[in-house]
Amino acid sequence: MENILQEIGIDNYIYLSTLLFCVGAFGVLFRRNAIVMFMSIEIMLNAVNLLLVAFSTYHQDAAGQIFVFFSMAVAAAEVAVGLAILVAVYRNVKGIDIDNLKNLKG
Amino acid sequence: MNVSLILVILLFGALATWYSGDKWASKVALAFSTVAFGVTAFLTYRFFTVDNPTVTLSFSKMWIANPRVVLFFKADGLSLAMALLTTALTPIIILTSFANLFPRKASFYGLILFMAFAMAGTFLSEDGFLYYIFWELSLIPIYFIALMWGGGDAEERKKAVVKFFIYTFAGSLFMLLAFIYIYQRTGSFLAFNLYNARLNETEEMLIFLAFFLAYAIKIPIIPFHTWQANVYQKAPAAGTMLLSGIMLKMALFSIIKWQLPIAPHFAEKYKYIFIALCVAGVIYGSILALKQTNLKKLLAYSSLAHVGLVAAGAYTMTLDGFRGAVLQMLAHGFVVVGLFFAAEIIERRFATQEIADMGGIRLKTPVFSSMFMILVLASVALPSTFNFVGEFELLYSLAQANIWMAVVGGLTIILGAFYMLRMFQQVMLGDGTRAFADVTVIEGVAFVLIIAVLLFFGVYPKPLVELVTPTLNELLTYIKQLR
Amino acid sequence: MEILIAIAGLGIICLIAEIFNARKAIVPISIVGLIAVLVYTVGRCLKGGKEFISGLAMDGKGYFNMLVSDKYSLAFSSLFILLAIFLIALSPDFHKNHKPKLSDFVATKLFLLTGAIAMVAFGNLSMFFLGIEVLSISLYVLAASEPKNLKSNEAGMKYFLMGAFASGLILFGIALIYGATGSFDTAVIQTKALSPDLPKWFSIGFVLLSIGLLFKIAAVPFHFWAPDVYEGSPALTTATMSTLAKVAAIAAFFKLAYALNPVLSGRFITIINVVAIASMLIGNLVALKQTNVKRMLAFSGISHAGYMLLIFQLHGLTAAQSNLFFYAVAYSIAGIAAFAVVLSVCGNKGDEQIFNFNGLGKTNPVLALVLTCALLSMAGIPVFAGFFAKFNLFSQVLSKGMNSPSAQGIITALILVIAAVVSSIISVGYYFKLIIAMYSKEPNEDSQPLVVPFAYKAVAIVSFVLIIAIGLWPDLASSLIRRTVLVENMIKNKII
Amino acid sequence: MILTLFYILSAITLATAFLTIFSKNPIHSAIYLVLCFFSIAGHYLMFNAQFLAIVHVIVYSGAIMILMLFTIMLMNLNKEDEKNKTLLSRIAAAGAFGLVALVLIATFIKSHAVIARYDVSGKDYQSIKVLGQVLLNDYMVPFEFASILLLVSMIGAVLLSKKEHING
Amino acid sequence: METNLALLLLFAPFAGFLINVFFGKKIGKNASGYLGTAAVAVSFVVTLFFFLQVSSTKKAISVELFEWLNLQNFTVGFNFLLDQLSLLWLMFVTGIGTLIHLYSISYMHDDENMHKFFAYLNLFVFFMLTLVMGSNLLIMFIGWEGVGLCSYLLIGFWYKNQDYNDAAKKAFIMNRIGDLGFLIGIFILAHIFHTLEYTNIRTAVENAWTIDRTWLTIAMLCLFIGACGKSAQIPLYTWLPDAMAGPTPVSALIHAATMVTAGIFMVTRLNFLFNLTPDVLEVMAIVGAITSLIAASIGLVQNDIKKVLAYSTVSQLGLMFLALGCGAYEIAVFHVITHAFFKACLFLGSGSVIHALHGEQDMRNMGGLRKVMKITFATFLISTLAISGLPPFSGFFSKDEILMTAFHHNTVLYVIGSLASIMTAFYMFRLLYLTFYKDFRGTEEQKHHLHESPGLITFPLIVLAILALVGGAISLPGASWLNEYLAPVIAKPAVHHHLGPTEYMLMGIAVVGALVGIGIAYAKYMNKGEVPPQDSEIKGVAGLLYNKYYVDEVYTAIIVKPIYAIGSFFKNVTEAAISGLVFGFGKAAVFLGKQGGAVQNGSVGFYLLIFVLGICAIVGSIFLIK
């Protein structure tokens, strides 16, 4: 079977995931809604997953894909905890606007 | 029996004092410090009598493998002389504090003994690392003593004390860097190895300057002296005595023991700059002392002038300069403790440090005023006092280096007389109606001890000279050889 | 491996104990268990273990080199376990108003410990990644663990957002490294890293990974989270973050850096140097104006991170790891001591302003003494452990500079040490603010007499003793990571 | 043909990602994100990593996004009431985005590795079987460790949301 | 034996001092007074013994105790040398000392701190003995400074009065200026000779070492500065008149007879060195001459009885230096001795007067005491005649020799010296007339209490008067016992002038000059009966003189004030600047910290922004920048 990367080129995947990663980062910077920020972080993680898979194919190696599983576990765990924190915040301030959380400074 | 016993006694004494409780603290502290002095004196006696004393009386044991540090307390003339100063002054200083109604006496006296321990350690250490540790360690007790038992406005005091600590700490950190740097060359901190580090010119310069910074701040040499007057004024009398009597001698001692042998070429090449700086300090301190209205500050600036001369002598790198420096260190230690004690006694009775508020004391107190007078005279280096011996050698060494240095430095005997007598006149003489109790027995004993030392060694300094001369000669040989 | 299993098992025992209503047993069991693990780890540490790097691929055969037990990882593991013992010992009193959650807290801390150990004992990047995530997630939870407290919420939220962002970066870095070498195994990566046809992705990945770790250790300019999170989190969590987490991160960073590519590029070192200087100076400068103790310690922690980064001025890997370990020990134990006192003083007040410490020297001299010594140790004053830590670091930097062939090397070294010295001087300013408050101010009038739980006192005193003991016998700590004379003697005398 | 597919998928991925960020309504964001995930799953399929693609869809779209949507619903956030950040910070965010993208892409372009041929090992490396073998042999320890991770997050989530019974 | 005796000689006064200090109060006033006197008397007796011994054997006695200072190039021991010169000095120091002690017993009887007074006096004698007996320069320096100290203590004896304290302080400090010179001189000599022992230096000089003349000149000049300080020469003379604040016996002993002659002693001691530096001698002669003239001119118009005597002392000391400058050491010594006699007598006499008037010192309030105080007057008259240089009084011989030497040396100096002598005659007789003649001008109460002083006061007066009368015998022109006696210690004897016509003429001129001075005084104060005007009315040249040429004011303006100004500058500017700089570092740190804190604005978005920028910076700088 032909290596799919022969056609596309690993570079393209690197650029794509880099861009996607940056978009995720942009989302974190751009929005003040915590939940959308979480989503942006998910985008970042997915960008990396994509890259891992691409490299996995590039090396014809399973480890990359295994790592993606771990990455997913991490993402899930993070989201679970993150949402729990978010709920706690919401209970206190009745909102999830991150810009309202500016009590600690200086 | 070796010199480490001194340190053990002092450290143990510090702990014992701390645990003995407020009621007994002062007595316990006095007992331990006296024992420490006794041991030091005995060791000094042994130093003259046993064969190969530096070996017999020294203590050396491996401490840390990496960095290679040896617990090496060396008994040589110089270190013993300085240890004598420390252990002799400590009981006196403790004695002077007897009348003070401090809170938390146990901590106070414990800290004094701890400080004595650290200072004695500084003098006895032959290992640079060890020396540095003791050097820094001595900062902590004095910091607390000044902070917690000091007088005056709390905010002002804090500012002064913190400035003092940070300033001296800053200086010593650079010294630490210098030590580390040489250590990289030698792989050992032992003084002998450090002396033989074979540094090139730039390195020597940097190391010399790093040491200089540490010492110039501690001594202090202008323009690094701004911490001094305020701290002397704000600290409790005992703290001021420790600082001026012993602690600043650490730096003067270090110039001779560490700085010059380690960086002899640079020192030789630029010694006039440093001598000039020190001598300038003499004049500067004297003139400032003239303008002071606060008794303790005046004494502080006078101390600045005196130690400037000592440092200048040390930087001449001659036997006379070294020996004069050592003798004058001892003499100044005693006299300055006495003077601050006199100031303290006046403050206890009059509750003021302002010279303008004093006067007419002599009328009421023949004993106190006589003793104060003698101290003043010793401080202005009247011949037949110990201070004269030191000052004479110092000025002579300066004259050998450059006659103008001696002339300018010698102005101290004029200016010194000027401000000290003026102070004495305003403080003690004149007419006055306020009651002033004469010295108590304890106060009197402290004074008598100090004065006895000053007069005895003023006439017969020979034992001390014989004690220190061989060691100083040895150091000078290093310096010369390495040239 | 067995260490990890034991600790995880302890965590699960905690959870089960809660189910069986054996809440009182949780902490004792955990502590006893951890002490046993500690003894085991230290024993292994002393007995042998390969040197770090050379030992990377050797020991972990049984687990596909997922975990290695070289001296480096074992030494740091024992430190982490020790810290965890302290932290867990502090828990019951700290959480006395949240008794039902105690098991959760303790278990979380135990799991956090496994994460930390995984971070230093990894032989495979996946273990590293999971370790750092376990650590981070535990910390997110702990930071936000007072749901009703807005500050705690905010701290948790901030930490989570930024931490997740950094995790993404770390992951990205790992992916690129994988891309370049085709393996997550450090041993493989190490060999590949030396081959000439290594794609550039590797170094890019490594840099991104480093940035992620710089975030974790709170180095400038990735330090912004630290003060806010430290301030907002419950004090015990702050203690955890500032000691265990920070030390684990720097240990992992160092190991990663030299496990992955034994020869770091000059540019990278330069960047690390700049970051180190910036951290030291900014941390200490900003700390000067803080009035909240936790926040102050956060900035102090930033500066300590800067100091620890000096370790990358490498002159001999063995010396460097030993120095790093020593610094970590000194810093973290002093931190524990300080926090034990902070907890004692502020535990029931809810805020950690410096004025709460007024007159502590009079009301509770022992605690004041402990805090004083801890602060002096952090400031690097002999004869406390912190002094030797700084001393070793400075020695290393200077030795690197002096042994470098070019003049630039020594100039860099001088700049670094002088910056370090200057920042040390600055640090004295704020450490002493606290000391002054304790000793020269009168106790606040409205303050009730301080009731200090036994655990707090015990932790404070034990850590205080450790600070002094390590200061007096520095070889004690170094022995764990290096074959010192002490160890030789012990082996000779058949003690171990 | 594959290249075209790649471009299309990539376009979808990026576009939905952007839309996720720009949607005012969080629900819309979530839906765009799901789309994004699907497109990424498309990439996985293109690599012939079917198992991964399925897991990806299940975990991300099925678990994570549902969790998020659930939270959004719970908090009643499906309104477009979010205030924009200040213009300055938005510009700064955009600028930072531009810069970081530029820097990273430029770095990668600069470090472009000329790869003439991509290896084909011919071995099976991404079937469920192989993955299972690797995961449970080589990667057994991290696999187990991941359980601790999940356990921690579980305890954490419980800890953060558990109601307190003071005397419990 | 000799050692013990020498120590007895030295330490008897010291023992007296110690006893008086520690037990003075207990043993009572008289006892302490007699004890002090006895202590000095013991010294006198021992001195006499040694004096006779050395006079006959002509061998100096040297006593070596122990090493004191140990320097690289030389050591200094506590060594004492009793040779002709020192014994001569010891003779009159202890002799006059004993008399003055005796005098003080009565004079100070009303003072509550009498034991202290005697203690100080004894201490002074002790230091003076040290100064004289020391066999090297540094032992001399101990005494040198020690007598300065005692002078300080005694001038400020009535310490309640801050003006007196000022005077004491001034004396000490001015002395210290000289002492610095002395010290520097010692340094240079030590550097050149590697010893400070007189005998060794002399041997070195005589063995014709190649000596760096420049340095030697500087050294001797420095030593001369020291002498100026101690012996009140220009420019360091202003302390002496102020020193009259002390009790009168002090003025007599310290500020007339003994201490102030220490400078002459030192120069004579080192005559073999000064001989090598003629330039310094020249300077010395000029300084001496000018001092004598200026002091005498100031003395012309003073109204305080002791001030007049003080200026007269300065003037006489100037003459002595003139003699030294001319290389005539023996003659200077001769004048020292005669001056000691008559000036001590004058001071004690004035003390007697002051005692009678209960502290009144202003001559404008005296007069007519001749009738009441017969003995005082008689002794005073003899001494006045002596100081005025009328034959056959002792002063005539010594002063005449000086003038003669000066004449042969340099006419200008001679003229100056002669002028000073004439003035001396004038103001001394002015003093005499104003005090003892005409009518009493004081208050009625004072008049009521006028009385002759008791025997303890008059006895020393009589003894001294006799000595002042016959003291000239020790060095009669042409047949000088003194010159012979001193020959061993004087390296190069002064040229002894045969009494030719010139010499007789000079003698005649001197006598005539003195008579002229006396005549003017007589005309002014006896015939016209003038009384000096009140202070405010003194104007013109008299005003200038009365205010001592405003030298004190000038000194204040050019030395003291500038020092204080520099002090203010240091205190207010430099100190503040340095301190400000140090604090500035702290403030800068705090300021930077605040700025850093301001960046920490609490916004996650901002933090992340920095994070991202940090990434860009790091990645960019590593990978993109060349």
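Just so it is clear, A, B, C, D and E label the chains in written order, and each chain counts residues from 1 on its own.
Keep in mind that, in the parts below, a residue touches a chain if its C-beta (ideal position, glycine included) is under 8 Å from a C-beta of that chain, and two chains touch if they have at least 3 such contacts.
By chain, UniProt protein names: A = NADH-quinone oxidoreductase subunit K; B = NADH-quinone oxidoreductase subunit M; C = NADH-quinone oxidoreductase subunit N; D = NADH-quinone oxidoreductase subunit J; E = NADH:ubiquinone oxidoreductase subunit L.
Just so we're clear, the structure is a prediction, and the values are computed from it rather than from any experiment.
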Which is the least count of steps on a path of touching chains running from subunit A to subunit C? 1
Chain whose Cα centroid lies at the greatest distance from that of subunit B: D
Of all chains present, which has the mean Cα position farthest from that of subunit A? E
Chain nearest the global centroid, as defined over all protein CA atoms shown: B
Out of C-D and C-E, which chain pair has the most contact pairs? C-D
Round to the nearest whole Å and give the separation of the Cα centres of subunit A and subunit E. 97
List the centre-to-centre spacing of subunit B and subunit D in whole Å, with centres computed as mean CA coordinates. 70
Measuring centre to centre with CA averages, how many angstrom lie between subunit D and subunit E? 102
With centres defined as the mean C-alpha position, give me the subunit B-subunit E separation in Å. 36
For subunit A, which residues are shared contacts with two or more other chains? 10, 14, 21, 24-25, 28-29, 32, 38, 54, 58-59, 61, 63, 66, 70, 74, 77-78, 81, 84-86, 88, 98-99, 101, 103-106
Mind pulling the subunit C residues that touch 2 or more other chains? 126, 130, 133, 137, 140-141, 144, 147, 156-158, 161, 165, 200-201, 204, 227-228, 290, 429
Using the touch rule from the top of the page, what residues of subunit B touch 2 or more other chains? 166
Give the pairs of chains that touch; include all such pairs. A-C, A-D, A-E, B-C, B-E, C-D, C-E, D-E
Which bits of subunit E are touching subunit B when the two form their complex? 21, 66-72, 78, 116, 138, 141-142, 144-146, 149, 152, 156, 159-162, 165-166, 168-169, 172-173, 176-177, 179-180, 183-184, 187-188, 190-191, 218, 563-564, 566-568, 570-571, 574-575, 578-579, 582-583, 586
If you look only at subunit C, which of its residues touch subunit B in the complex? 319, 322, 361-362, 365, 376, 381-383, 387, 391-392, 394-395, 398-399, 402-403, 414, 417-418, 421, 424-425, 428-429, 432, 436, 439-441, 473-475, 478, 482, 484-486
Seen from subunit B, its contact residues with subunit C in the complex are 62, 64-67, 104, 107, 132-133, 136-137, 139-140, 144, 147-148, 154, 157-158, 162, 165-166, 169-170, 173-174, 176-177, 180-181, 183-185, 206
Mind pulling up the subunit A residues that touch subunit E in the complex? 25, 28-29, 32, 98-99, 101-106
Looking at the complex, which residues from subunit E come into contact with subunit D? 605-606, 609, 612-613, 615-616, 619-620, 623-624
